[in-house]
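The following blocks contain the structures, represented as structure tokens.
The two complexes that follow have subunit A in common; it is paired with subunit B in the first and with subunit C in the second.
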Partner chain A sequence: MGKQRLTTFALAVKNLRKRSFRTKSLIVVVAVFSFVMFCGGLLTQSLSLGKNYMSGRMGADIMIVPRGCALSLQNTLLRSESNTFYLNENLAEEISVMPGVEQASPQLYIGSLNAACCTVPVQLIGFDPETDFTIKSWMKNIDSSKLGFGEVVTGSRVNATLGGQVWFFGQPLKVVAKLNDTGMGFDSSVFMTLETAQYMIKASQEAAVHPAGNGKDHISALFVRLSGAEDAAEAAKLIISKYPQTDVVVLKEMMLHISTQLHNIKDLAYGIQGLLWIVSVLVLAVVFTVSANERKREFGLLLALGATRKKLEGLLIAEILIICILGAICGVIAASFIMYEFRMLIAVSLGLPYMQPSIGSAIILAAVSLLLSVFTGVISCLYSVIRIGRAETQIMIREYE
Partner chain B sequence: MLELKQLKRVYASDDFSSFTAVDNVDINIMTGDFVSIIGRSGSGKSTMLNMIAGLLRPTSGKILINGADLWSMNDKDMAKIRNSKIGYVPQGLSLLSNLTILDNVRLPFYLDKRKDNGIDRAKKLLEEMRIQSLAQRYPAQLSGGEMRRVAIARALVNNPEILIADEPTADMDEETSEEVMKLFGRINSEGITILLVTHEYDITNYGNRIYKMSSGKLAEKYHLSESKTMY
Partner chain C sequence: MKNKSITGMIIIVLGVLVALIPKVIFPVCTNRIELMNGKTLFMKCHWTAMTELMIGTLIVFNGILLIVFKKHETRIALSIMLFLLGLAALLIPTAVIGMCETATMACRVGTEPALIVVSVITMALGIGNIYFQSNCIKSEQIWKERSVIK
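Here is the complex of A and B:
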């Protein structure tokens, strides 16, 4: 203790320690600032990433669901909302032969009650591996055509072990694979063949969870890919007029809607960040100026003992850098923790595709938040530093004698 | 070694009046001198010392240190002079409250960018001042007299050519104050020039040149050029 040389850094640390209340308060201000910067950045990045990821992989141009179920489909896809609905007719074959339709693949959704495995209700999704072109794109490393009866692929947020079992409606299902993050409702879904899914419906009817559908070959939605030239909106109109008991979701429109929401959220985030930046600069500047004023005597004495004004400025900047770096680190750590712990909740409550960026981009974002905090600190102390550089020394010492 | 030429400082007041605190002072202090200046409160003593210490800009006139004009130097050169040529003991409390006594004393070392951490030198000076036991305390835990002695130790830490002290014995009892004055005598006998300001007459028993300051003007009372027998 006290053996070290009195470098600018050591002196700055001693000063900060002695004024611990002021130091802690300033660290909190910087921490809040970097917290919001990092959260905001991560949020907007995750949303953009989620959106791009989704639009790149959906593959379907339009999705056909029972009349009045368009929103349910969206919520199933985006909010991990658990839904059950049936298309009353076996449309798959009729649609697949319609002109302009390249591929049509049925999916069957069965909403489960809160299952033991998960914090949100799990959606059971039956798909047809032979015609599927949507689910497949999330199963790059899994051969979905080999999915047997009673076997499932679980989403990343379903708490199940590979090779283990998950139970729904009293039926055990074998987990043969796990999906990577999709940033969508798929993360809390369990995928199985149509055959398995239809068996599960029967099980759910026996468990009196879901009403019986009519007909044996239940499906909930038909994902349709059109041949290149076809206009999705036109095709949608045509289908609705032909099958009035259906609703058609056009992916382009859905993505457009998501984009708009995304922009609104981004604008809001930027607005909050900008506002907070101004508030932070003001708060820090006022505190630095007031405290530099109170410390005039101290600075004057340092000058009297032979400090150059440069050294004095260096000392002041060192103190501020320490505060900003500590504050920013606290803020970023708190933000990473919260954003990671609550990523599911955030994604679900926003109802938008949400895909957290890789560790690498998160680190870059953290570094940017840190730099921004340091920059903010330096900006805020400029005024007080300039004032110190100009005041007459003796006057400085006198003022607090 | 220290020469003041027509040194003047005018304080501007809020209204249009102004106040001349130091009025055309001339003095030539030689190396090894022990100069005592007495004067009543408000006579301009501190103002003069602050100008010499490089802390207060003169309105007119010159301060020459070893022939170099102090107030025409740049910030860096002046800081160097303040740091290592001049040891200044300001009037009143002058310790940094954030630092321990030991750190306060060795602070000028750091400001001179020395490699040494200055602890040994600082401890030796604290010992000379008989306050070595206070090294790890903070200024707020010291008495006025103790703080003054710390300030003197600090002024000496860089082996200055001249020691400038503004009422160095102000908070001390007779015995301690005599001890400090004897210390000044010893420092002076080691070749360090001393410029001392006070309003206590008995202190002028020390020193070979005594000046009196009144209303900003300096007048020599007597000058013992050769023998410095007074201490």
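Here is the complex of A and C:
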């Protein structure tokens, strides 16, 4: 066996290896703590990112839908739910000339089927490229005004290849572009012109077992941009009183509702993280104090052999640092793996805009979790370090005699 | 002795999870594909679920054998088998049979990630156990050599 220099680090590793059960248990405690820190941080960051991305791009101040369909529209936008509903088409012209209305664009929603007539069950969204101001803000890869008949743009979660075909109601449609992640229901939608969408309704009546509505009315929702966004609630009241067959979704109110939910989730996450931090500090502090107390004789002998008190303090800190770094790495790796694999389940379950941050942001978050775990470890061993630093060598050696 | 039982128990739990995830914990899509002529077909994920049930049962059996057999060489062989079963449990939903096409369907949202996580843990446990058993054999050999020298 070769000679090995007995550095503080080497001695700490040897000590930890000798007490392998205690070391493993403490690593598990730190791993659980960093797992929760990282998961909580990633979750709140993803929700904030999704909300900001959505509110920044929607463009419309109010959305007019048939009476009783407001929730369906919100579910389509947020939860990727597939819905079919129709509004009286004449409304588009009447609303666009109303005072305070800057722009109005119709959209047509058709829920495809989970049947042989359709490649995948998704939400088909027809829009008017000439008046559209919402869908085009998500389309970076294609000029939406150039979208032709029979051509579609698919959301990021729709399994379709660029340049390939997708089938709906027995009709082949060409995929000309794919959207990037939007963090909302658009990810599972297929976009086409109003003309193509209306053709799909006809095709659904001929080919499908379950036709997509009667096809008499040709729009589902009207997205309206007002000249003054602060008047949205007033405009909504006016529209509902004038057209009682409609419901109006005000974007500001919808975003406020999302913000409230987001705050509740954040509060819960911070609460759990705070509670777990206290528990982790207490567990680590108790275990380290007990362990340092049991090892008094060992420390006393090391002092008698010539080790300095600084060396002993360094030894204790090195031990906790090794435990914390190993635990934090395990926790962060497990959390990243689980959060990445279950990202879709989280997004669908929460029903809120959810967009995972970039790898850079995730690495920063991982580094913060690691630093916090190390900080937790250091403050929990402070008491033991101070006690060992102050104890008398002779008393330490003879305490158990 | 205690370690052997604990490893076996963990493997049994993992096997039960592999078998139960697609049917009970995160069930695969229950709807059937409806053809234009009115006939219905099972979706791809149904067959994945059936295969995972079989693999899960084999993992449970592997765990029982790991508790029963004491020889390190046998346990290494069983651990290699465990790693391969974990690999099969991973490849069935991701490459061999697969799941439904749409990313938001139940099988893609819940079943697939859960199976990936459990199968990766199973594989890691298999590799860890191979390493642990090999170390045990090495240390036993060192002890034997030392006792012969004495």
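FYI, the second predicted complex is superposed on the first by the 366 of 401 C-alpha atoms of A that agree within 3 Å, B and C clash if a C-alpha of one lies under 4 Å from a C-alpha of the other, contacts with A are read in each partner's own complex, and residues count from 1 in each chain.
We take it that a residue touches a chain if its C-beta (ideal position, glycine included) is under 8 Å from a C-beta of that chain, and two chains touch if they have at least 3 such contacts.
Quick caveat: nothing in here was measured; it's all calculated off a predicted structure.
In the superposed model, A:260 makes contact with neither subunit B nor subunit C. Of the two partner chains placed by the overlay, only subunit C lies in contact with A:338; subunit B stays clear of it.
In the superposition on chain A, contact of A:227 is made with neither subunit B nor subunit C. In the superposition on chain A, A:158 makes contact with subunit C only, while subunit B stays out of contact range. Touch criterion met: A:304 reaches subunit B, while subunit C stays clear of it.
By the touch criterion defined above, A:137 lies against neither subunit B nor subunit C after alignment on the C-alpha atoms of chain A. In the superposition on chain A, contact is made by A:14 with subunit B only, not with subunit C. Of the two partner chains placed by superposition, only subunit B is touched by A:5; subunit C is not. Shared-chain residue A:188: touches subunit C; no touch with subunit B.
Touching of subunit A by both subunit B and subunit C, each in its own complex, is seen for no residue at all.
Across the interface of their complex, subunit A is touched by residues 50, 53-57, 75-76, 79-84, 88, 90, 92-100, 102-103, 106-112, 115, 117-119, 136, 154, 158 of subunit B.
Listed in rising order, the residues of subunit A touching subunit B in the complex are 2-7, 11, 14-15, 17-19, 298, 300-311, 392-395, 397, 401. Those residues of subunit C that touch subunit A in the shared complex are 31, 33-36, 38, 101-105, 108-110, 113-114, 116-117, 120.
Considering their complex, residues 80, 113-117, 119-122, 157-159, 170, 187-188, 207, 209, 337-338, 341-342, 344-345, 348 of subunit A touch subunit C.
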